[in-house]
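Chain nomenclature is as follows: A, B, C, D and E, assigned in order of appearance, with residue numbering initiated at 1 for each chain independently.
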Amino acid sequence: MSLEVALRHKLGAFALDIAFSSPGGLTALFGPSGSGKTSVIDMIGGLMRPESGRISTDGRVLVDTATDTFLPAHKRRIGYVFQDARLFPHLTVRQNLTYGRRFVAGAERYGDFDETVALLGIGHLLDRRPAKLSGGEKQRIAIGRALIASPRLILMDEPLASLDDARKAEIVPFIERLRDEARVPIVYVSHSVAEVARLASDIVVLDRGRVSAAGPARDILAGLDLLPGAAGDEGGSRLLLNFARLDAQSGLSLFQSPAGNWHLPPSAHRPGDRVTVFVKASDILLATKPLEGISALNVFSGRVTALRPTRAHEILVDLDCNGDLLTARITRHSAERLGLFEGMAVQAIVKTVRLKES
Amino acid sequence: MSLEVALRHKLGAFALDIAFSSPGGLTALFGPSGSGKTSVIDMIGGLMRPESGRISTDGRVLVDTATDTFLPAHKRRIGYVFQDARLFPHLTVRQNLTYGRRFVAGAERYGDFDETVALLGIGHLLDRRPAKLSGGEKQRIAIGRALIASPRLILMDEPLASLDDARKAEIVPFIERLRDEARVPIVYVSHSVAEVARLASDIVVLDRGRVSAAGPARDILAGLDLLPGAAGDEGGSRLLLNFARLDAQSGLSLFQSPAGNWHLPPSAHRPGDRVTVFVKASDILLATKPLEGISALNVFSGRVTALRPTRAHEILVDLDCNGDLLTARITRHSAERLGLFEGMAVQAIVKTVRLKES
Amino acid sequence: EPVTVFAAASLKNALDAINESWSQEEGRTATISYAGSSALARQIEEGAPADLFISADLDWMAYLSERALIDTQSERRLLGNRIVLVAPADATTELSIAPGFDLAGALGDGRLAMANVDAVPAGRYGKAALETLGVWDSVADKVAQAENVRAALQLVALGEAPLGIVYQTDATAEPDVRVVGTFPEDSHDPIVYPAALTTGGANTDAAAFLDYLQGGAARAIFEEQGFTVLAGD
Amino acid sequence: MEWLQLSPDEWTAVRLSIWVASWATAASLPFGILVAYALARWSFPGKAFLNGLVHLPLILPPVVTGYLLLLAFGRRGPLGQFFETVFGLVFSFRWTGAALAGAVMAFPLMVRAIRLSIEAVDPRLEQAAGTLGAPPAFIFATVTLPLALPGIIAGTILAFAKAMGEFGATITFVSNIPGQTQTLPSAIYTFTQVPGGDAGAMRLTLIAVAVAMAALVASEILARRVLRRMEGA
Amino acid sequence: MEWLQLSPDEWTAVRLSIWVASWATAASLPFGILVAYALARWSFPGKAFLNGLVHLPLILPPVVTGYLLLLAFGRRGPLGQFFETVFGLVFSFRWTGAALAGAVMAFPLMVRAIRLSIEAVDPRLEQAAGTLGAPPAFIFATVTLPLALPGIIAGTILAFAKAMGEFGATITFVSNIPGQTQTLPSAIYTFTQVPGGDAGAMRLTLIAVAVAMAALVASEILARRVLRRMEGA
């Protein structure tokens, strides 16, 4: 389930020179507008031919300019969700959705029609044609069309950009399931760090046609400064939690990790289930002594392992809470006021309502 | 600078029945995918003719089906940023940008070409044609094209959806300036509560073709439950602050409001400047007694004015901090643990890094 | 001012040569517009700037004379022609044209190429001759009617049709066909090319050209092309 | 309205014309689509030549086209012999030949219209179909073709109308045999060549116009329906 | 190559043909665009009728079209008199008439091609131009027209090629007067009507083909350049 990409290509004045490999899971391509994200997945998808380079999945070579290999798009079994939906205007929504299905042997099908339709909330549109659908409706159908074709590699180009938060919140878990259960590698282009943080197992950061950072999501998200511009605001840490129980009294889900006990919004799990949470660095409040009478339910004792200055007025504080590694972002002013130093014992405090499972 | 809209229209099985008025400024149309947002601004822009209804700005009637009035699009002086960019493929970027300029008398021009181009970061694209631009590049040009035409009413349909956070952060202040300085009313469609919260002076919430809530942004954002679905996560309060000084030592901007002193990321202001900040309900931590040794710099004393249960496990806590009204969202469990009641004195705590001017 | 002549297209070779010698001898020229007689007649009717009309048959001349568009004084029967039965040059068909001759048998399942038998003069003459000889009914179903007599000739020359009826003038000039026989002159109306000045024509040289056409130089050229010269001094 | 009544021969010509034009259109449509697609989407050596060849019948005088057809597809022509021995298909003096002539003459119009509408199909939709696993032929049949349908309909009907009106090449190639190759235009032509034939020509012209108009209107309605379907609901 | 040498008259015919076809195309282009736009984007009573009228020359035998033109635009025809008195424009038996005939015959081809490409222009781009303040005529000139340019080029060249090749209507309407109305196809026709004219016909045909092909190739290159410009850089 791996993907290896190495590409060089010139597009007018724009030069693309990219190499990364992904061990499977969901690889996010992240970078500012015009950095080459769409071009890269066009080449993975077989819509563009790189001037030189090689792309392979699980040893299957899709392109290799050295041996003049070029597998045409329709033999790649990719599901491509385009930045513009590109629905077939002459077909009904239903026909659009099932278009790719016939090319997949029954045994290899995994994108169930009814389930996908229900999830995307497009059941009432099945007999319409795309022209007069709203922007978000089109995009949902484009997602469905790619998934129902049960591809072996999924390419998604900002699939959620035109969806409202509620709809996003419904679809994101679906993409997670796809990543985890169907074991289909996904290459996911997004501007949204929140999405990337939640979904990505690996992140490739592009900048003006080059890879400026690449690696497991955990590392990239923690190395916040690597993310360009305002995206840094969204960085944080990802932790693995064990489900303990649904607390009858508070109505909250209780989890455990080396750091201690976690309170999260309610969710259906069985004891022992493991989930990940993403804790935004800017959501962590630090305190130098135990606090009382505060509304926040998640308080962990830890030790400062590093102080990393970031923008002019801010600083990143790496914490080790009994083995769980967290990063907090606070003002330098606060850090000075609190007299933080490496090795100092502190409390990390997070509000329950700011936490979400992923 | 007002806009009055009252419309009824049927689109297949979808029925639109909308009425709202806006006193000018930026009116956000907010609602889930397929709720009719694009249809409404199409009618304001003159691209669709409502079956019945009336639209007027400042008393100038754009449509009135009762008197069979219909001002064609090109006489409305609107700037429409479409959900799909709709650039002219045969014209260069420069020609696209200046297309509407010739129809505006010199005296009425306000959208400066060079400034707009610089702001949108599209200077290097001016001589290219749209076909091979990236998605975000196209959208930036579409924004520029509408603004350079110096319209008297701006319609924007998810203008920032395909832009990365860094670019968004650059463009948002520009839209704010437009709203505040050029005094051009803007109707702004967006899914993003963060954007709406920052930009909107008024909000109209649409749901399945009807207005489910409408009014000044302050009221709508505070009445979080009115916002559909997950959008509620993004609700909060807006406050007016007076700039005091840039603190040399901490590097932070200091502001004042009735509630007390605020620390915000550094910014260029003159003493006495007034800015608004949007404080997300989920960013406020409550404490029943004064705290010490915490990293958060903004701590305000206030009184609970109302406790409003929202989703199963959460509660909204309205606070009056010496006249400033804030709303916090915490778990019910915390509220019970802290024994909150109406009239109780509490501390509201917000991290500086979670605050942004708007 | 050159004289404008409207002439049947089949006269092109002869008239071009005569025009050249006329201009060499007299220093005057004619501009000649060649087309089908029907088109030319209709154009004269609609006010075409023709000074002289030379038709391939009498009917279209009569059509104009009824409408007083030609100077009947000047009308004369200029040329005559014969119709012949032709076969491809490499064919061995032997047939003598006589009343009741076995044309149908000679055709076998082939076609008899003729110009349009209702509309085109060569076709009409051919049909009349076959009727006179009493064989029309037996071959009527086997006739392939071409747009004009040249096209009929072409069908025979290419071997598409084993036999065809065309003008002698065409047949003698075409190496790919062989004349099988000539139709008796009394088996059809006389084949006549009439000429006349138009009433609308103002060019005084037109009469001179008409005269020249009947002169010795013209006669030699016409006869070289296979025409019978009917009018002359 | 009595003068509108048709003789049996004329009825035959009307029926034959429709038959011939229908075959000409139907049989050339697949080739038309293929050639249009090749011209629109491929680049290959000789493309300019192919394009020129397709347009040739438009440029050449129809009589020349007919003559070339005669040379190639006649009884002794190389292609004519090929089709006769291989497929048992004879063109000369048959309605099949008339259909061939109509098809050749109409081909440039058909190809142009189809090519324009194939060029207007967004290639990114074809790409999208490719990523869904569809092989090129399937993409062509399910994406390109349906999206080009309005142009294909336009091209087909244009070709039909042209084939209905075709005359010069047809009569040169297969002559004018009532009941077999005498199409409506040939019959009209015959009338125009004789004095007094105007009424007959007018009558048949009206019929030709009526038939072609009916086809045109039908195509408009069809194309609009196709378009409306694509625009949504 | 000696047989390829042209006589002065033939040179005149070549020049005249190009001149006439250029005028026919240029003068009908604005009307072609207007009619195509009306058919593509408006709905009005009589639209089907207009559409039929435009296609009429395609359906009618050219001889009939030519005859109708003669009746309407001849010296005595109502339209002919109108144009003469109002604009001082005379068609009958002038090159202007040949241009008119060519334009009429080529009009359906021109309109079809332009219409198809106007229909392919995304109306949402026109809407976008409207929101920027552009009045309809400006939108048409700056958005619709440039986007339809490939089709307009195709239609124009198609019309030019057709006008170059037009013969039946031209010779019927304005006759075949050397130096005035004798176009290349008329000259070719004349050659086919006399024995021994084949070489001459062939020679002129090659020239006609060469000119039209040059135009076609030029249009292809032009259209491709326009398309490439739109695709980007």
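Here, a contact is a pair of C-beta atoms (placed from the backbone, for glycine too) under 8 Å apart; a residue touches a chain by one contact, two chains touch by 3 or more.
Everything quoted here is computed from the prediction, not taken from an experiment.
Trainee: Where the contacts of chain B and chain E overlap, which chains show up?
Mentor: none
Trainee: Using C-alpha centroids, which chain lies at the maximum separation from chain D?
Mentor: Farthest from chain D by mean C-alpha position: B.
Trainee: Nearest whole angstrom, what separates the Cα centre of chain C from the Cα centre of chain E?
Mentor: Centre separation, chain C to chain E: 35 Å.
Trainee: Please report how many Å separate the Cα centroid of chain A from that of chain C, as a whole number.
Mentor: 90
Trainee: Any idea how many Å lie between the Cα centroids of chain B and chain D?
Mentor: So the centre of chain B lies 60 Å away from the centre of chain D.
Trainee: Find every residue in chain C that makes contact with two or more other chains and list them.
Mentor: none
Trainee: So which bits of chain A are touching at least two other chains?
Mentor: 12, 84, 128, 132
Trainee: Check each residue of chain D and list the ones that touch at least two other chains.
Mentor: Only 63, 67, 168, 189, 192, 233 qualify.
Trainee: What chain-chain pairs meet the touch criterion?
Mentor: A-B, A-D, B-E, C-D, C-E, D-E
Trainee: In their shared complex, at which residues does chain D touch chain A?
Mentor: Within the complex, chain D touches chain A at residues 124-125, 127-136, 139, 142-143, 146-147, 149, 229-233.
Trainee: Going by the contact rule at the top, pick out the chain C residues touching chain E in the complex.
Mentor: Interface residues on chain C, with respect to chain E: 4, 6, 9-13, 31-35, 39-40, 42-43, 46-49, 148, 150, 169-170, 172-174, 225.
Trainee: Inside the complex, what are the residues of chain C that reach chain D?
Mentor: 36, 38, 41, 59-60, 62-63, 111, 113, 116, 118-120, 143-147, 151, 154-155, 158-160
Trainee: For chain D, which residues count as touching chain E in their complex?
Mentor: Chain D reaches chain E through residues 48, 51-52, 55-56, 58-64, 67, 108-109, 112-113, 116-117, 119-120, 150-151, 154, 158, 161-162, 164-165, 167-168, 185, 188-189, 192, 201, 205, 208-209, 212-213, 216-217, 220, 227.
Trainee: Flag every residue of chain D that touches chain C in the complex, lowest number first.
Mentor: Residues 63, 67, 70-71, 74-76, 92-93, 168, 171-172, 174-177, 181-182, 189-195, 197 of chain D touch chain C in their complex.
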